[in-house]
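So that we are looking at the same thing, I have put the structure below in structure tokens.
Labels run A, B, C and D following the written order; every chain starts at residue 1.
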Amino acid sequence: MENYIEDIKLRFDVKDIVSRRDNLSFITCEKEKTIALITHMKNNLGFTHFVLLTAVDWIEDGLFQLTYILNNPNAKIDIAVRTMISRENSEMESAHKLWQQVATYQRELREMFGINFPDSPGVTDNFILEGWDDIPPYRRDFDTKKYAEETYFPRPGRETNDPAEYMKKKLS
Amino acid sequence: MDIVIRLLYVFLGLFIVLNWGLLMSAIMRKIGARVAGRYGIPYYQPWIDLIKLYSLRDSITHGVMFYLGPVFRVSGGVGIFLFMPLIFGSSYFSNFSFAGDLVLIMYFQFFGMLGMALGAGEGGHPYSAIGISRGLSQFTTIEVPMTLAVISIAVQYHTLSISEIVAAQQGGIMNWTLFTNPFATAAAMLSLLGAFGHSPFNLVKAPNEIPIGPPTEYHSAFLGVLRTNAAILHVIEAVLFMNLFFGGAGNWFELIIKSFFIYFWSVFVGVVFPRFRIEQSVQWFLKIPLLFGVIAIIIFM
Amino acid sequence: MKEQKNIFNWQPDRSKYPKVKENGELDIDLTSEKFIKLWQGPNHPGVTGNMAIELTVSGDEVVHAKTHVGYLHRGFEKLMERRLWIQCFPTCIRMCVAEPDYNEYLLAKSAEELSGIEVPEMAEWLRTLVLEMARLQSLLRTVPGQAGTLSLGVGVQWGVYLRDLVLDLFEELTGGRVYHMYILPGGVRGLLPDGFKKRMEDVLKKIEEFIVNIENLMFKNIVFKKRTIGVGYIDPAWVDQFGIVGPNARAAGFKRDVRKDYPYLKYNELDFDVTYETDSDIFARSVVRKKELILTLDLIRQIMAKMPEKGDFKAQTPNVLHWKIPAGETYVRSESSRGEYGFYTVSDGSTMPRRINLRGPSYTHAVSLLEKMLINANLADVHSIMVSLQTCPPEIER
Amino acid sequence: MINENNNSENLNKFLHKENEIRNVETPDGSIIQVDPLNDYFCTDRPEVKEPKNKVIEKFLNWARAESLWVLGFGTGCGSIEIPPLVTPRFDAYRFGVQMRPTPRQSNVFIISGYLAVKTLKRVIRTYEQMQGPKYVLALGSCTINGGMYWDSYNTINRLDHYIPVDVYVAGCMPRPEALLAGFNKLKERIKDGRAEGANEYAEKFDWYKSNQKKIVKDWNMPDYNW
């Protein structure tokens, strides 16, 4: 694990290295260098298995965190590459040329988070939603409860118990 | 007056054949269910299904041929019935059998199929079209060994009349075509597997590929007509094979037993085999059954 | 692909058909009456679950395929962001209905890893047992299901019956038939009931008989072989390119198994070999799954023998209603019956998770890989190929 | 590209390019104008079809109740309990319940659990293709009030606002026994002549349609060329 991280450190400017387990580390890289980093990891370091690509919405900082988790099947280790992109005008370089399935992940991210991946094949096609005209639903500022109550017809009589309140009442 | 009585007996025969066909389909489905470890449908289920289908309130149409498809299919089924001698020796249950009826029946087998093709094609569903193209190409290849077997029998008995073929087989089990012309029987029984459309040759209906083939768009009364016809056709095809190869039937009881076992043969094979692809099915019929058919011809030439 | 031997096995050469335009798209003119657009699904008995494949066929050949998902989208990842950690457990198991226990385990494991809770040994054994039982009930459906797509329904009926018996055991152990909610953060909900081992052994014996039957029914069946050998070929080079995992990768000769490579729970104390085949067609994948079924029986017997009788089965956790998990992120994985199944969890130190993302094996198998594999396939083989990949739509769209 | 000829302004926002009125060349060379919204979508309203004769209707209802053809469309996670229902353990075939693959031939629609909006569109289309009298059996708490997914942005809460429901089977997920009991209940309703969902749908067609249109915004048909 260490020598892989050392190798990456030598070539790329990575920071926030967190070692979660013996075989899992998280590193953060700049937005512009990320694709170069994962290309290097795939071609030279043996990280040939692409595990997942997903986004986390840090709305407080106005950032999206993109996480690429790569796996080295021979050394049996994972390295997750994080990169921060701004929430406004969120756009990221596409990685579809490295692995075939990345295009699907990017399609989903564009639909659910509104992150654009120019040049990714079929990225504008509907993937999960159909006829969606609100802000992308996985963003933190989209309130699913409010949307559901306004759009669908809630059956009257449904009580919502806050579990903490309920337990307090019951124990007292 | 004679023709009226004759017609009454024809209708009586049709009634018996229809009900036996429905019961037989229920029994066969129960046998299939038992293999799977289930009880299966009740014996009376096909009748209830028919009543329900005829009593549905809605039905839509896709055009004139859509109406005529089931009609052609039924006329194919009833047409075979009309010229098929049911009970040997009974002048009433010989229907309208005549000297060359074997040729006519071979023709009627295709007639219903073609009518159905026209009607289902009008339905406009692509599964219908694919099912039809599969069905017609498979049925064409089934006809080859089947026709060879029939020609072989015609040469053997020097007749094209089913009644005379049955008559020639009387007088003991060893006189049946099954023993006198085993290759023709083998060719015909193998092609029968395809004619009844159980797996491995159920690619016309192919439940997991093109559900459920030609009748995809047919519903309510249309489907009721098709199911009625299927009940008649299954019995009457079995009766044809019984007459040609298994010595005919002297009474209704014998007919029921023999047609049951002939139909059972296809279910017996179908329950343990998956489905062929269409080109595999065509190849299969053009290999061993065709070979048997040719041998049967050569022997009696 | 196998050598074309005789005239009967002749296949048209579709490698140059339909023509490819200059910009890389296929030259498919739907008005030319040479192509039919076929939608298979969502209402189609052959499709695995509620999804659709849009096929463009020319004759019997598929020239273009596109997967459509989203019919089962419930927005779990959004819903879990507004639920307490403990409330996420009943929610997350519904992500994959075929094997819900992996979701429970992975969420519990992420929560434990992030908050540093040690799980007692007895709980680890019980979790291993539950996960193997989940694999068993899933394989009982999918091993004969391969023949079910070719309308050999008898095996499916036997298999689903035996699956019911396994579900009965689940019910006895956990109280739930399909959704169990047995694994909680810190451990499990209870110990084995009295006499459970004997009843388990009875069921395992029945399944062994079933394996013999299914061997005769499917794997020695000439028609089944004709329909599956050489069909649905996965090039071993695709395994990394498409992210193929689990039995599909193992059938291509890759000995990759999360249980062996990244041992979790008690798998490093169990004795087993990774099953694999090299032919990489539908038949090989079926054989791998059948071997996996045999392996699962063996593993359950080993777990039963090595497991302690009694013990502490739940570690102390904070009050779950106010449970704050320290900020951090992790990725945990396990081997489900379809392959690598993982949770990527991010916590921001509050009572609710920041983000939970599921990495399901079907995500890659059913979309990018299936679209590629269906090209030039026969229309009749579409569903065998799809079922042989063992796609499960709810984990694609969540 | 908003088409001004269209009456319903609200719909225009969602009009796709292929839904605009355009000129099409027919195979024989003549040019015709096509309005996809009116020509390609069926505008006929369903009609109320009252039973004619009470005594005969009672017999027919008995036949309909004993021959329930279920559409094999697994819309949600409840469909995992359909295979046990038709296999040796529970064997619903004993009670006249059979599976059919095509909507034209089936009478009972099992809504097996939550409905995503995308599925709801297909469910409505499928329901309208079924031949009446038709019955809907809703499975799971998610069809009653949203259940687990009451606050989800993509699943409906109450199924009876979109299509008429005959029997609800509660639970998450309902066991096959509960499903069999649901079938028994449905049979009772049919035999009593109370299961008139198709007529109800025709009577309150506008209400159902307005509810459906509120959430299903993209009514486009997929591409066909046949």
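As a working rule, a contact is a pair of C-beta atoms (placed from the backbone, for glycine too) under 8 Å apart; a residue touches a chain by one contact, two chains touch by 3 or more.
Small disclaimer: the values here were computed from a predicted structure and weren't measured.
Comparing per-chain C-alpha centres with the mean over every protein C-alpha atom, the closest match is chain C. When you average the Cα atoms of each chain and compare centres, the chain farthest from chain C turns out to be B. More C-beta pairs in contact connect the chains of B-D than those of the other pair, out of A-D and B-D. A straight line joining the Cα centres of chain B and chain D is 36 Å long.
Averaged C-alpha coordinates put the centre of chain A at 61 Å from the centre of chain B. For the pair chain C and chain D, the distance between mean C-alpha positions equals 30 Å. Residue positions of chain D touching 2 or more other chains, listed in rising order: 87-88, 101, 118, 151-155, 226.
Shown for chain A are the residues in touch with two or more other chains, namely 128-130, 137, 142, 144-145. Multi-chain contact residues of chain C, defined as those touching 2 or more other chains: 36, 44-45, 70, 73, 75, 78-79, 82, 157-158, 161. The chain pairs satisfying the stated touch condition come to A-C, A-D, B-C, B-D, C-D. Looking at the complex, you find that chain D touches chain B at residues 49, 60, 63-64, 66-67, 69, 87-88, 91, 93-94, 96, 98, 100-102, 104-105, 107, 131-133, 198, 226.
Looking at the complex, you find that chain A touches chain C at residues 18, 20-21, 23-24, 26, 48-52, 54, 56-57, 67, 69, 73, 76, 78, 80, 99-101, 103-105, 126-130, 137-138, 140, 142, 144-145, 163-164, 167. Touching chain D in their complex are the following residues of chain B: 33, 36-42, 45, 48-49, 51-52, 55-60, 124, 126, 129, 207, 211-212, 215-220, 223.
Contact residues of chain D toward chain C in the complex are 71-77, 79-81, 83-84, 87-89, 99, 101, 103, 114, 116, 118-119, 122, 126, 148-149, 151-155, 172-173, 175, 222-226.
Interface of chain D with chain A (complex): residues 13-14, 117-118, 121, 144-146, 150-158, 161, 211, 214-218.
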